[in-house]
Every structure is written in C-alpha cells, then in structure tokens.
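Two complexes, one shared chain (chain A), two partners (chain B, chain C).
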Partner chain A sequence: MDQLTFQFPAQPCKPSAKASLCGVVSSGNLEVLITQGAQPNGCEVSIHTSAQGFAPIWQAVLADFAAHHALGGTAITINDMGATPAVVTLRLGQAFRDYCGGAQ
Partner chain B sequence: MPTSPPPPTWDTRRQRRQARLQRATQAGIGRHVEAARIKTLLETVIAPGDRVCMEGNNQKQADFLAQALSECDPQQLHHLHLVQSVLALPSHVDLFERGIASRLDFSFSGPQGGRLARLVQDRRIEIGAIHTYLELFGRYFVDLTPDVCLITAQSADAAGNLYTGPNTEDTPLIVEATAFKSGIVIAQVNERVEHLPRVDVPGDWVDYVVVAPRPNHIEPLFTRDPAQITEIQILMAMMAIKGIYAEYGITRLNHGIGFDTAAIELLLPTYATALGLKGKICTHWALNPHPTLIPAIESGFVQSVHSFGSEVGMDAYIAARSDVFFTGADGSMRSNRAFSQTAGLYACDLFIGSTLQIDLAGNSSTATLGRITGFGGAPNMGSDPHGRRHASPAWLKAGREAAGPQTIRGRKLVVQCVETFREHMTPVFVEQLDAWKLQESLGMALPPIMIYGDDVTHLVTEEGIANLLLCRTPEEREQAIRGVAGFTPVGLARDQAQVDQLRARGVIRRVEDLGIDPRLATRDLLAARSVKDLVRWSGGLYTPPSRFRNW
Partner chain C sequence: MNLPQPSPPSRGPSFYEATARQRVNRLLDAQSFTEFLPPQGAHSSPHLALLGLPGALDDGVVIGSGTLGGKPVLIIAQEGQFLGGAVGEMHGAKIVGLLQRAVRDKPLAVLFLVDSGGVRLHEANAGLIALSEIMRAVLDTRAAGIPVFALIGGVCGAFGGMGIVSRLCSAILMSEQGRLALSGPEVIETVAGVEEFDSRDRALVWRVTGGKHRYLMGDCLALVEDDVEDFRQTTLALLAHWEETAPELHTLRAEQERLSQRCTQFCGLRDGLEVWAALGVPNPQQIPLLERDALVTLRQGLSL
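Presenting the complex of A and B:
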C-alpha cells in the first residue's frame, strides 16, 4: 500500500457541482473523488494505492492531466487497486466532466 | 556396346500409392477402417520421411488420428515432415518428443508455443518456416504437397463421401492437394450415415474412413464474453468507429478475435447507430460467426458474412440467417478457410486486431520470449495486397493520404488497437520486439514479426489515434507512435513539440479532438453485456457452450 500526494499548478475551474465521484475500488479499477480545494490556481491530489513503486507514473499521468484540464481549486482523492494509466485517465476525465458540468 | 538408359518413369508417385494401398489390403484393411486398427493402417500406408498433414486449425481438430499417429512405433515411422496449419494438440508435440516427426512447417501453435520453443532449443525439431495460412496452403500445391493427410469431417456414407458440417474450414483444400498428387487421404468422422445432408468432399478423393470413438474436438475460440469487456476497450472502440470506420466509410472488413474488436461489434447497434452510421459501415464481412456480432446482425447492420470456420453454439442461428451467412441447400453453413482468407486479403478494406508488442517502426508481434506461437491469418489480413486492382472509397482515401491525389493505387487500412499497458503493467510499446531475441536464440532466418510496420496504417490506443498514412518521414512516424504510446517508457520519451505539431496536423487525434465524451465510455453502451444477453438477441437460437453459461 502506497500513499502519495502531489500538487500541480492549474488554471482555475468553474465547478457546477459540489463534488463528483467516479469509478469503484476493485481489481484494475479506482475511485476518483473531486471536491473543492484550497488553492484557486492549484490542484492537490492524494492517492491510496495497492500497487507499490509507481510514484513516477502517477506523477506523469496526473501532471499530463493537469496540463490539459483546468483543475485549479480542486482536491482530488483517489483510491486505487492497480488501475492502468489508461483507466486512471479515463476516470479523471469522467469525474472532471461531471464536476464541471456540460451535457453528456 | 553402350547400353541405353532405361526409359524414364513418370508415375512413381502413383505406383508408390498403389503399393501402399495394396499393403493395407493385404493387412485386411478396406475403405472403412475399424478404430481399433487405425495404428496398423497408419504404419502401413505412411513411410519414414513422408510429408504428413494432420488437419486442425484453431477450431476443429483431427484429434483421434493425431493421437493414433503419436502412438505409432518410432522404429517404423520416423523423420516425418509435418506440414499443417496448427500445432495445437499435445499429441502433435508428442510426435517430435517420441522421434516420429522431425521437421515442421506450420502457421500457429497457440497453447503449445512453450513446448515447441523448448524442442527447438533441444534441437529435436527443425522448423522450416512459420507461415500465414494462405502462404502454407499455397505451398501445398508447390513444394510442400502432403504424401498423406489425416483429416476430419462430421459424417461419411458408404461410398466415402464426406459431410463436414458447418466447420468445413481447411478440409477441401488439404484433400485437393493430397488426392491429386497421388497422396493418401484418411478421414476420421463422427458418424457413418446412410444419406449425407450434402457432400463436401467426394468419396473418390478419400481412401480411408474411420469412425472415431469420440466426436472431433472443436474449440470455441471466437466466443468473447461481453461481461469481460472493459471501459477502456469501449473507449477505443468509440474512437475506431468515429475516427476510422465513419471517416473512411468502411463497409468491407475483417476483425481480430480480441475483446477490443468484440467491443466494436457490440457498439454498432448503439453508438454507431446514434452516429447515423447504419448502412454506411460494417455491411460486409470476412469473419467467423462471432456471437458478439449477433446484436449488429439483428439490428440490420450486417448484410453478408463469409466465414473461415463455424463457432460452437452458432449453428442454429446461422442456419436461420441464410441471407447473411453462406449456407448449403441442406441449411447448414459452409465455411472455407482458404476462400475467407482470400476474401480478407483482396475484398476487404480494413483489418483491425490487437497485438502484444509494437516497436518504433510499427512492427508488431505476438511472439514473446520462450514461446513460438505463430500468427495464423493475421499476417495475411493485416497486409496491403499489391495485387489488388479494384477501387473503393475507403481504399482510395487511404491511398491518397499516403501518396497524394495522383496516386495510382489505394491502400488497405490495417489498424492495431491496443491499450498501452497489458496486465502487470507490461508495456505494449517497446524499443525492440522480443521477436529479435527469439530469432537469435532459436536460430531463425527472420524475426517472427506478425504485421510489418509498413503495412500498418493506424494505431488506436486509449490516448488517441495515430494515422501513420500521413507521416512523411521515419522520424515523424516514430513520433506519431510515441505520441499515442501513453505513459510507457516509449511514450514518455516522445518529443513533445513534434507530437504537438503532429496533433495540429491531425496525424495524432485525442479523444477530445474526435468529439468523444469520455462519460459515454461505460458498459451501458454495449448492446449486450453478458452471454445471456447474446442468447436473448438471437431469440434463443444461439446455444453457448457450458463454459460460457452461468445460468
């Protein structure tokens, strides 16, 4: 079990929900919760993961997502059970769309 | 006075054949052979050094005859040269371990891949080459003609006519190559009957028929349980449909057997219909009767399917949909691997499949260290046929993307669809394929590459689509591949500025560039989410094998 935290600079977002939750904690999957954070121009991420030793990949996946999405002012909490980067990016995208609104 | 040389003989093969048939007659064996005497027959009509073709593909297997041959006396039968589609049964490998066979030309080994690699390392087997099916079939008529073939069919009548049932597969081709070059044809059948539903192989091409104690084995290799399709596979299927099928107007195609392509099949009645694509894509197929295609057929998406073989549990459904499938006057399907492979090569505009490794030139391979698995039909379907002359909108569009508006030929679309990491975080994208190390350790003439990079036109990963047709230099191509390789070491080593430029040119397209909402990528989008759903779609005509039933 690893516990990781990251902070990324990001453009401020305009939330349309108080929080959004996506995914489930099961093998190869993860749960992403987006709530309001403390820094309007930054994003705090906190991760509980069952897979050890993947901090550099988490860093790369999250930095890439933060660079392409206005995550400023959010706090992201992740509970992971060995999801691949593909699943992580998909869940982040789904949770972020829900957090910011927008028609499906 | 010098003696003149004896006149040449031109029928040695026929004489040899007659002598062998006569020996069998002397041993008291006629056309219909008792199962208990099968080893005697094999030891009588096969000779050391013969080329032998045991029928079997990844679907049906002449398993009784293969078992019997593997139990023959190695003092009598040795140095056989096997020329056959697959080396899939344990008994096939036993032949080499027992010293009965010594040389192999084949296409696919699947589950026996590990044992096969060990035999090569121990120098107990000599591999001529690993072929694609059509290539091996072609060689049956040139330099690898079987002396004896051991085939399998559903039933035989008194005259030795054979009915193959829906799984005709390779049988007519193997028999043709053997029977018409003075070889010997031995068939195992599931039953002897008075009247056959139809004749798939005429009796005068068949020398011996034996009723096997058990029906021939048929593997349900093309059944994919929708319950196991992941949301990433659904996302990639959405990208393939919207970014490739719709844009090129792909009507004629072949799919691989993985879950990625099963996801595409299950999105046709939902996602593709919502995009207004019904009637515009996926109307004509060279494809085995995948159960996951049932919802698309029932939705009126599909006009025609020609198949390499059948699929366990699909027979009643196929018989009831003769407008779609190729069926005989008796009502049951007639498949044919050689013809369907030809259709996949020349008459389809797109092949899409998956793989285990892709390198920086786009070469892909399913060969991994310590296993020789072969490729079956993929190298054929996944190649651009330079012999093609007829045009279609998809083929022309691809050709023009590659070579400009003045091009004198089109291009087949060859698409590889992969998630960037496999299980246990094994990257699919690699600097060097394991195939090169395999070539070295096994002393092969060529690395076992499944699909050559210069045939690949598109890569689909969870990160986006790379259109390799639009790349103008090897460097661009490499960056386009790195640009969809995600967070693998190959992907992380991309030149971000070049990748951004390729994206601006539309060579690389992300999910958002394609206008796809990732929130739609859920299992709710699948037309069927379980095998039971497929049974319901078929109106109860599909009867899945027990291993796929949980009710």
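Presenting the complex of A and C:
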C-alpha cells in the first residue's frame, strides 16, 4: 500500500455541507471524503492506495482536477483499491458537487 | 417479424445494486437518517493498515437512527462491496454498540441490512469475537422486546457468522437476489470438492441459497422484489402488527424438532429442484422463472 499526500493552490470554494463522501473501497473503485481544510487558498489530499508506484499518475490526475475546480479550503481523503484515473476523476467530481450543494 | 415487446415492470432503485448508504437513505423516511460515527470521524480498521490494505472510513458498515413511517428506528447497513461486507473488529463494535443503544432507547425496531460473507479473515480472532458479540447483542435486543429485522438482498447475501446472526433475528425479509446459508459455495467447493458443490454454477447456487428457496423452505418470512421501496413497504406492513415475544423453551424445542425432521426429510437431495419436488411443488423447473407474486401464491397453496 502507498500513502501519498499532495497540496495544490486553489480558489476558495463555498461549501454547503460539512462533509461529503462518494464511492466505496472495492476493486477498481475508491472512496472520496471532502471536509474542511486548513488553508482557504489550498487543497490538501491524503491517499491510501493498494496500487504501488503510481504517485506521478495521482499527481497528474489531482492537479488537473484542482486546476478546473475551486477546491480551496478543502481536505480530501481517499481510500483506493486500484481505480483508474477516469473513475478517480468521476468520484472527485461527485463528492465535490455534493460538498458544494450541487452548485458546480 | 413482429415480436410482442414485454413491458418492463415499473420498479424503483434496485436494492442489489445500491450501496449501503443509498439503501439506508431510500429505506427510511426522506431526510430522517442521522449517522452515528460518520466517516469524517474516521473509524477505519487498525488491522488492515498493518497488512498494507486500504481501509474504509466507516469500516464497511453504516449505523444510525431515523424514522420509518414516522416512527423511530435504528438501522445497520453492511457494505457488501468493501471486503465482501466482512465483519472485522471495528465493524462489529459499531453493530454491537447500535444494538445496545436500541436496548436503552427502545426504538420501534432495529433494521439490519445484512450484506456479508461473514468473518473478516484478515482480523482473525478479533472478527470472530465481534461476530459472537453481535449474536449476543441481537438476542439481548429481542429480549428487551425490540424486534430486529434482517433485510437480505445485497451482492454478498448472508453467509458464515452473518447467516447465523440473520437467523437469530426476529424475522428475515429477502429478495430473490438475496442468499442465505452457513458455508458459502466457494468454501464448500474448496473443502469438499467440485463434485460436492460447483460454486461456478450460479443457477445452482441460487437454487440452494437464494431468496426463492429460502421462502419456500420457510427460512424467511417475506419474499420481496429487488426494490428498496418494496423492502420499505414490507417492513412497514410487518411492523404495523408485530409483537416481539421472548423465546420460550417449548417454542425453541418445537423449532428444533421441526429442523431435525427437515434434516431427515431432505437428506441426500442435491439440488433445490429435488427439494421443491419433495415439498410438493408440481413443476419445480418453473420456480426460477416465476415472478415474486406467483411464487407467493404457489407457496400459499402448498401444505407446509
């Protein structure tokens, strides 16, 4: 198992929920939890993944998502069991939409 | 050639396909669910991390309170997609805690959405102890006069220790997709060989563990559609007139006698088809194809 952490600069978001959770930790799937973070202009991501050696892919997928969404002020926790980048982006989008009350 | 197009039955969201959280939210009155120990508090398994496996924030089970038809209930939902819904130490502790709370708070009922292959082998003795604690807690809750309903219709069914837990509940509601047994098909094949049981024969697996078979055998009280709304309506209907009575020695002895006779009666039969024939079902091959309503009518016609 790999444990990874990332930080990205991002525009502040306007949450409408205290937390949102999407997905299940199962083969090819992952769970994404979004809660309030410490930095209003940044996003912290913490990942546990069963797939080893994919840090550069995670970096690329998360940086792309952070560039397209106002994630500032969030902390994202991910438990992954080998999800593909497309599934990761999908779950991030679902969780973030819930976190912002469907506004985005 | 014009073939008549069968109109698909109008059904709500599938119970089988839904996640534990979706089942809870759709089963209870809208917006009534409050989760205990929610995922943002993070109560994941300490054992899985030691083995280098990613845990789930809720350790594969959702617990909380809500209302059903306006009445207070407590609810447990196992997530079959996470490690087969298997019971680990934290997972079990959450269930036991909820059942103990039921004894204290006296809700109308506890709804137990079982979706589990049994003990989580990664956690070995801690998981086995958790299962035995769940069994005791279910009986304690029933002894306090609070019914515990097992709802079975998920991807993993109810096997191993969770099969025992389900049968300890006040009643079982099952869909055709649900399965209930002790040793799972793959366990039987591994231990006794493919001649004894071919776990890859899915139709056979359902003929001996599936909801229709359990309903014909009287192991589940109600057979429902694979639809969260049907689980909800059937639970409401049952609870409207339910009286939870403490088990007495003579009723337990009678049940033991019934099961012993059943063991003798069906000994040597190797397939649900043979058992249904022995039950007096006129055309056993039709059972897997029957709609739920037709099967319920058929069972009412049998002298069971």
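By our rule, the second predicted complex is superposed on the first by the 102 of 104 C-alpha atoms of A that agree within 3 Å, B and C clash if a C-alpha of one lies under 4 Å from a C-alpha of the other, contacts with A are read in each partner's own complex, and residues count from 1 in each chain.
Operating definition for what follows: contacts are C-beta pairs under 8 Å (C-beta built on N, C-alpha and C of every residue); 3 or more make two chains touch, one makes a residue touch a chain.
Keep in mind the model is a prediction, meaning the values are calculated, not measured.
In the superposition on chain A, A:90 contacts chain B only, with no contact to chain C. By the touch criterion defined above, A:70 reaches neither chain B nor chain C. In the superposed pair of complexes, A:98 makes contact with chain B only, with no contact to chain C. Contacts of A:4 after superposition: neither chain B nor chain C is touched. In the superposition on chain A, contact of A:60 is made with chain B only, not with chain C. Interface of chain B with chain A (complex): residues 230-232, 235, 419-421, 425, 461-463, 486-487, 492, 511, 517-521.
In the complex of the two chains, the chain A residues touching chain B come out as 28, 51, 54, 57, 60-61, 64, 84-87, 89-90, 93-94, 97-98, 104. Every residue of chain C that touches chain A in the complex is listed here, in rising order: 19, 21, 38-40, 42, 44, 49, 52-57, 79, 81-82. Touching chain C in their complex are the following residues of chain A: 1, 18-19, 21, 24-26, 29, 31, 33, 35, 48-50, 77, 79-81.
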